[in-house]
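Both of the next two complexes hold chain A, though its partner changes from chain B to chain C.
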Partner chain A sequence: MKILSVIAGVLVGAALIYGALDMPKWGDPHSPASSHVSPYYLRHSIEHTATPNVVTSVLADYRGYDTLGETTVVFTAGIACILLLRKGRKRQGKRHV
Partner chain B sequence: MFDFIVSYYNYWVFIGLMMVGFYAMMAKRNLIKKIIGMNIFQSAIIFFYISTSVKKGGVTVPILEHGHAAHAADGLEHGAHAVDIMQYANPLPHVLMLTAIVVMVATLGVALAVAIMIYRRYNTLEEDEIIKLLRRG
Partner chain C sequence: MTRASDDVIIKALARLLMPFIVAYALYVVMHGHHSPGGGFQGGVILAAGFVLLVVTHGLEQTRKRMSEKLAGVISSIGVFIYGGIGALCLILGGNYLDYGKLSKILLVTPAEARSLGILGVEIGVALAVMAVMYIIFFAIFTAGESPEDDGRAE
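After this line comes the complex of A and B, so read on.
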């Protein structure tokens, strides 16, 4: 079992290293991630949202619905934790072992 | 060869971290150790995304300097064109990882709650012992 896990880890790691060869270099200012959409946000953040912090303006203004969905995720997780951890009154005598 | 290794070193670190978490999720029998492995895995992904936002050469956090002041002083409708985008880090990975951190905390909380329930019921967190108890009925 452990040997199988090591083999799987090495295989996936090798695949990831092979994939990393096509990635942009560390700190490349012209990498694809920072050359298409993000300059728009940096240029127009003040104009559109009057917020100097671009992360805040994207999180709360441009992607507001995403943040709303995120609160739904937290709410669901909280409800799940409460449902799992509350004291079960009906089943209390049933625990085996 | 050395230059090649150095210019991609961030990816090697993430791949190492990710494989540590992957191995822990697969090979460890203790459920808490599995959860720790899952957290290491998710942290590796978050570090990877954050590292894509880095730009070399005098880059600061994406908070526009004197943003309000410049806008008011110039009286410009489109004063935003003065922003030098090479001066600020890419804000998008930061935003996406804020969301991912929230999801990570949510999954961690639910996983720990499930682990507590398993411990209450079987009095153990070792996977093989739980399977043995399940087979016995």
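After this line comes the complex of A and C, so read on.
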């Protein structure tokens, strides 16, 4: 069983390395990620949003939906903490009685 | 249970630091347009101020300033501000979260309206993150005990 898992691990690792060989180089200006919308955002950020910090304009304006989702995730985490970690007052009162 | 520290130096230092922490958090939120920063970071710094209050002045004192219930309301208000600004753009005839349409009611150019819209949602994010950090910190800190959990008991 151990040998099987080692073989499976090596195979999956080799497949991942083989897949990673085709990735564009780090910081390559001609890679798809930095040749499609990134130059557009960099060029038009001031003109569109009057915001010098492109990170902020992408985060809150061009990708506003994404940040709305992030905020909702944080909010949900807080609600989950209230529900799971705080003890219910009524239930606890009954337990004491 | 965290009680108030007996050391007057720690209490005085915390009291001295608190306004600077709040001012720096507001700076990080408001200056997100020009420098690294924004709602998430500013909200966490604001929450760190409350953590300092808990460590130095105790759980009860801090709870008197801001109860967990109030924190829950503030976090909801934060998300509501974000979604509300998006819906306002919808009402004014644009797409959801299309801040350019806010220029009709803010009386500025569309680009400036987008800048102000970003500021508005950053404030919403900061409120939500601050309150949620506070909620999580209190939930973890008070998880093991709860006679004082009521809030009205003291």
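By our rule, the second predicted complex is superposed on the first by the 76 of 97 C-alpha atoms of A that agree within 3 Å, B and C clash if a C-alpha of one lies under 4 Å from a C-alpha of the other, contacts with A are read in each partner's own complex, and residues count from 1 in each chain.
Note that a residue touches a chain if its C-beta (ideal position, glycine included) is under 8 Å from a C-beta of that chain, and two chains touch if they have at least 3 such contacts.
Keep in mind that this is a model prediction, so the values were computed, not measured.
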Simultaneous placement of chain C and chain B on chain A, clash or fit: fit
Tell me which partner touches more residues of chain A in the superposed arrangement, chain B or chain C. B
Touch check for A:Thr72: first (chain B), second (chain C), both, or neither? second
Contacts for A:Ser38 in the overlay, against chain B (first) and chain C (second): which applies, first, second, both or neither? first
Please work out whether A:Arg86 is in contact with chain B alone, chain C alone, both, or neither, and reply first, second, both or neither. second
Have a look at where A:Gly9 lands relative to chain B and chain C in the superposition and call it first, second, both or neither. first
Should A:Gly64 be classified as contacting the first partner (chain B), the second (chain C), both, or neither? second
By how many Å are the closest C-alpha atoms of chain B and chain C apart after the superposition? 8
Name the residues of chain A shared by its contacts with chain B and its contacts with chain C. 46-47, 50-53, 55, 59, 67, 70, 74, 77-78, 81, 84-85
Residue numbers on chain A that touch chain C, as the complex places them: 46-53, 55-57, 59-61, 64-65, 67-68, 70-72, 74-75, 77-79, 81-82, 84-87, 89, 92
Looking at the complex, which residues from chain B come into contact with chain A? 7-12, 15-16, 18-19, 22-23, 26-27, 51-57, 59, 62-65, 67-68, 71, 77-81, 83, 85-86, 88, 90-95, 98-99, 102-103, 105-107, 109-110, 113-114, 116-117, 120-123, 133
Report the residues of chain C in contact with chain A in the complex, numbered from low to high. 32-36, 38-40, 68, 72, 75-76, 78-79, 82-83, 86, 96-97, 99, 109, 111-112, 114-115, 117-118, 121-122, 124-125, 128-129, 131-132, 135-136, 139-140, 142-143, 146, 149-150
Over in the complex, which chain A residues touch chain B? Could you list them? 1-2, 4-6, 8-10, 12-13, 16-17, 20-21, 23-29, 31, 33-34, 37-39, 41-47, 50-55, 58-59, 63, 66-67, 70, 73-74, 76-78, 80-81, 84-85, 95-97
